[in-house]
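One structure coming up, written as structure tokens, with questions to follow.
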Amino acid sequence: MADRIKLGMVGGGRDAFIGGVHRIAARIDDKYELVAGALSSTPEKSQASGADLGLDPSRVYDDFRQMAIREGRLKAGIEAVAIVTPNHMHVPAALEFLRRGIHVICDKPLAATLTEAKRLARACERSDALFVLTHNYTGYPMVRQAREMVAAGDLGAIRVVQVEYPQDWLSTDLEASGQKQAAWRTDPKQTGAGGSTGDIGTHAYNIARFVTGLALEELAADLSSFVEGRQVDDNGHVMLRFKGGAKGMLWCSQVAPGNENALRLRVYGDKGGLEWSQEDPNYLWHTPLGEPKRLITRAGAGSGGAAGRVTRVPPGHPEGYLEGFANIYTEAAEAILAAREGRKPSGEVTFPTVTDGVEGVAFVDACVRSSQMGARWTKLRM
Amino acid sequence: MADRIKLGMVGGGRDAFIGGVHRIAARIDDKYELVAGALSSTPEKSQASGADLGLDPSRVYDDFRQMAIREGRLKAGIEAVAIVTPNHMHVPAALEFLRRGIHVICDKPLAATLTEAKRLARACERSDALFVLTHNYTGYPMVRQAREMVAAGDLGAIRVVQVEYPQDWLSTDLEASGQKQAAWRTDPKQTGAGGSTGDIGTHAYNIARFVTGLALEELAADLSSFVEGRQVDDNGHVMLRFKGGAKGMLWCSQVAPGNENALRLRVYGDKGGLEWSQEDPNYLWHTPLGEPKRLITRAGAGSGGAAGRVTRVPPGHPEGYLEGFANIYTEAAEAILAAREGRKPSGEVTFPTVTDGVEGVAFVDACVRSSQMGARWTKLRM
Amino acid sequence: MADRIKLGMVGGGRDAFIGGVHRIAARIDDKYELVAGALSSTPEKSQASGADLGLDPSRVYDDFRQMAIREGRLKAGIEAVAIVTPNHMHVPAALEFLRRGIHVICDKPLAATLTEAKRLARACERSDALFVLTHNYTGYPMVRQAREMVAAGDLGAIRVVQVEYPQDWLSTDLEASGQKQAAWRTDPKQTGAGGSTGDIGTHAYNIARFVTGLALEELAADLSSFVEGRQVDDNGHVMLRFKGGAKGMLWCSQVAPGNENALRLRVYGDKGGLEWSQEDPNYLWHTPLGEPKRLITRAGAGSGGAAGRVTRVPPGHPEGYLEGFANIYTEAAEAILAAREGRKPSGEVTFPTVTDGVEGVAFVDACVRSSQMGARWTKLRM
Amino acid sequence: MADRIKLGMVGGGRDAFIGGVHRIAARIDDKYELVAGALSSTPEKSQASGADLGLDPSRVYDDFRQMAIREGRLKAGIEAVAIVTPNHMHVPAALEFLRRGIHVICDKPLAATLTEAKRLARACERSDALFVLTHNYTGYPMVRQAREMVAAGDLGAIRVVQVEYPQDWLSTDLEASGQKQAAWRTDPKQTGAGGSTGDIGTHAYNIARFVTGLALEELAADLSSFVEGRQVDDNGHVMLRFKGGAKGMLWCSQVAPGNENALRLRVYGDKGGLEWSQEDPNYLWHTPLGEPKRLITRAGAGSGGAAGRVTRVPPGHPEGYLEGFANIYTEAAEAILAAREGRKPSGEVTFPTVTDGVEGVAFVDACVRSSQMGARWTKLRM
């Protein structure tokens, strides 16, 4: 076995949510070893968080810049860094590591503004380091299966794409209570101009693009802020027109009671349809036109190679969110190891990159502009 | 028991679909007796169809005008007529009966054009006869339950309404094969300017209105005709803005493989949500914010008075499409009997009327206009 | 159209439950006309109930024997009678009509005792009249589909049959409250020796037999009366051994909270499996070994001739309990009309007969005996 | 953070299935470090497997006895060992480690024979080391939730327990093909006297016991071997009688096409019911008598402390099989660390122990004996 990849982390200290997810995801397939961290912008909290994780105190940093400089100079410094801060910190942090040749694994959305996102994209072009965006839902085996089936033509020419991501946790003004996750996700300075569109709409958009391979022509959006005083959208209604003629609808909401993380994708072509739901991720409905609906299960009959490559346990033993997330980390590990060894990665590289990240931010930007202009048809500024 | 209502029928001969449904619906609660018919515009077919149904040959007519005249003069002529023709014939037929004081039970959409729909509305105002539109999905007990819960404030202020009605039967150019149902439903002269919007979008729109009680402010629509050569839309994407600030999305499609009659309504307020699906009509999900989801079943615990009034059998014994349809007929019967007896109907009168019908046609009209103007926000011309 | 069959009814007056179901079932396809009734053993209630139904008062009787005698002599007397009384009255009533050549449509179970059941079977042999037992669940289209698939060998050799029918309505001692349905169904004198086994276990047993065609070799039963003071079983656990080697389990319960009428059948052979649930009757899962599960829908793709013959409306428009019940009535009507006209019935005659009824009572009898002997393997006394 | 627990593994080399699951489970919460292994009884394979896992070659052993001796003497030898061999090797391996004070984490069932199981239980009594049995399904959060609700009296007095675990992977004689998993699991010398009863019936029995807390009084079993030539049962039908009067049914099968790992538990008391399915593990149905069914979701509303303690991610982001398995490992780690530090474990210790293991083997033994005696009621020989 190759040596595990030495990993640092920016953000993810005590009270954070997504940092712990990244750490488990990195651990599941044993390809990474967390050795350093700038876990909080508060030095004491960073140190305490590092101690929780068993890190060597000398490699727990007060800020990411210090970490990038020091780790970049260490003989056995980190090879990769996971950036799990609020959105507006993604780019400044990533730039520091990229310029030192340290691979970046970054949470989504890529940036709080399109300008920054593009700046990061240019930096990626100049760097030898890899940039991986954790649009984790693309890591689910049955999402890979769906993509493989569309690519194989099982659905024929795609006509209609219905994607939605409703939640309910912001049905009240939770941000007023000081809840940390709610606070930064509803603050335009930290989260960007889009609220639900940025936080979950980008996931919905990304998965639709990932599975169908269709490029967007233009969109028409009607965004709302239902909770009084909320500064960003908490509900987005978007109509989509894809190049080549397919049409779609995207709905994201954080004010839909009874919905936890109900990301759901439905794709219809002239030969058949597909339906997938994130909350029941081991199932994929396939409906060939004129035949009974078929329920394809992860690792079960009808499940093909693309899903098989990211599957750990037999059918009927459900894999979940963490395993899907781990698949992104493990595919990134293969690319990092290939880079380390000067070889080409084995297998298809499917993890999302900075390009997907820029497109996600451009999607939010276009939604906001379209909505301001009365849902006018609007193109992405890529 | 009061004497059964003597019923005539226009349309619904051999090869027709919806006529048979109306006849069973009329029979289930034993309130009607079919005694006359102009079942087809082809005289031989009308007679043969009448014989199939055991009608007295002297009361089987070659055309509806003849029937209206003769039955209007008979001492024991029909009190009510069911009109189950293609859309463009609804208004001409209805006018003949209304002017003779014969109650009309008419299939939807009300008319092929908004002009005709309004003409009928005016005729209804001038007539003492009742006009009942069979937006049958409003007859399902759990739709009544949903409406009652919204009205009672169980959901709080409504914010988001997601409604959809996908089918797949027109995924190919079935109309080219001469299939009768496909032929008239895709012919603008018979069906009107809207295809899927008229045939099923009106149902989706109507049920959203019925349950929420919200009035539409404006809509933005993007209609498509995916099947080559098709003259009307077979897919409609519509964004909705309701008076008072609620937002919605409506999707209707006849080209979504795997969907049979997947009408589905989801309503979200600041206190909770509701979800209902026509294909599993005995269930209603209620999701009070911050509590576990609850599955209310027809006639089961949590099911209230509005549902109870239109329920026949105990919980766990499913009622279906025909029973929901029968509920419209039975409520119409009560109104007709009340009219006959010069009294007020007992209970709430909930069946759809000409007003709902005009609004449905105005909805189609607005969708078509909006789509032609690039999904511009458009008001109904009521 | 042939003249409708003149029907009488025994039982089914005010406060009864199943009588109303039979009347709707008889009406749905317009093959019957209810013209006479002995609707209650209380003369006033019988008359009042007859008036509710619009019956001619001269044909409303105080008791079934009087009705059988009078109607048997009338020129246009009833051709058939529906018996919808508590169980112990089925046989005495049926005998009166059978001996006068009046066809009998009888609710299940056939009788309260095996002795009586066999007496009735002998009477049926001696009579020209038909005897139809309303094991209504066999009327569901997808149950017909399942049976057709097993017969066609789609499942291969059957190995395992799992059938269950849980309810919850007798979780408390409802009979103590005087609720009429609970009272007679828990009184051994009216219901027979089996409680849940007789009321719903017979349905479960019947549907397993109907779909698989397997004959029972022996059973081992463990019956319980969980509610204190209850005189009959309210939960039955039964292991089944079929001739030829297949094995099965049957569970019936009236004390399982959350279950309304959750009759569910699962059949597994060496080539595939089937699953069907009464509460979602328009779906049938088919699982060919080594292939994805398929969801066959009523009237949809994959649905064959046997289901099609008992289907009224297109796929996606659910049919329910009443339509399934009506299918038994309509098939009985064809047999009755054929008898009237001295011809063979068209199509397959699939309605349950007295033989199925005797077997159902023998099943209850065997369960009770087995349970008393410590779940000893026990054969039916047919 | 405390130092990670040094872990060895017996079995789990190339071609094995469950070893990889144990390794991920041990890794997810970062409490263990795999440092040694006797991964196969074939020395070359053991070494190659160790290399795959990045183990120090000097700590890869040819057999478990050698590993127990060497690691027991090392200063930094393993503190715990995971035993993931076929069943008949569990006891001989466990004895070697227990006698050297090395904690044992062992796959189920505990042993191939009851004699051996009891021998191991006695050895556990004499050892200071812990013994943990990986009845992993008890690690699912919603199983913990169910147990907590039963204990809190939410269901009232338990009356009926329905548990089943059907699979389909042994529907053909896969063992004849040389497939390794099938071969040893159908060989009585390696697997024990029970086939499906030992492999999956023990899981079903264990989870019913874990959730309800009820002790078994006796059982009556009918076991079958449907596949020709199979030497152990591949289908088990079992009736259960619990102390205190509750009754149950248990079904396990490996010949039920369409079932992957469909472990499902339903518990009914006089106040309500619960339903849980392993393939959809994040949901728990709760049905309080006389109220609508409630769907409790992992980490969502209605989910309590017991579930919360073994939950990693927010509601709507599904956790799966590996996380449930990891919960057993992590609870074992707390007990091991407490032992290391001479303190009491914090929180409730809920992992299954040797006692559960003996009971599982006694369950299989009783099923086999009962079945041989014609399903006679049989007690466990504990």
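Here the chain labels run A, B, C and D in written order, and each chain numbers its own residues starting at 1.
In the analysis below, contacts are C-beta pairs under 8 Å (C-beta built on N, C-alpha and C of every residue); 3 or more make two chains touch, one makes a residue touch a chain.
Note that the coordinates shown come from a computational prediction; the quantities given were computed from them, not determined experimentally.
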item: Shared interface partners, meaning chains that touch chain B and chain C; value: A, D
item: Of B-D and A-D, whichever chain pair has more C-beta contact pairs; value: A-D
item: Interchain centroid distance [CA atoms averaged], chain B/chain D, Å; value: 55
item: Distance between the centres, which are taken as Cα means, of chain B and chain A, whole angstrom; value: 43
item: Centre distance in Å when chain A and chain D are each reduced to the mean of their C-alpha atoms; value: 35
item: Multi-partner residues of chain D (each touching 2 or more other chains); value: 259, 293, 297, 300
item: In the complex, chain B residues that touch chain C; value: 1, 4, 17, 20-21, 23-24, 27-30, 51-54, 167, 259-262, 278-282, 297, 300, 312-323
item: Chain A residues touching chain B - in the complex, by the definition given at the top; value: 159-160, 162, 164, 168, 171-172, 220, 222, 224, 226, 235, 237, 239, 241, 245, 247-249, 251, 253, 255-259, 266, 268-273, 275, 285, 287-289, 293, 374-377
item: For the chain B and chain D complex, residues of the former touching the latter; value: 286, 290-297, 300-302
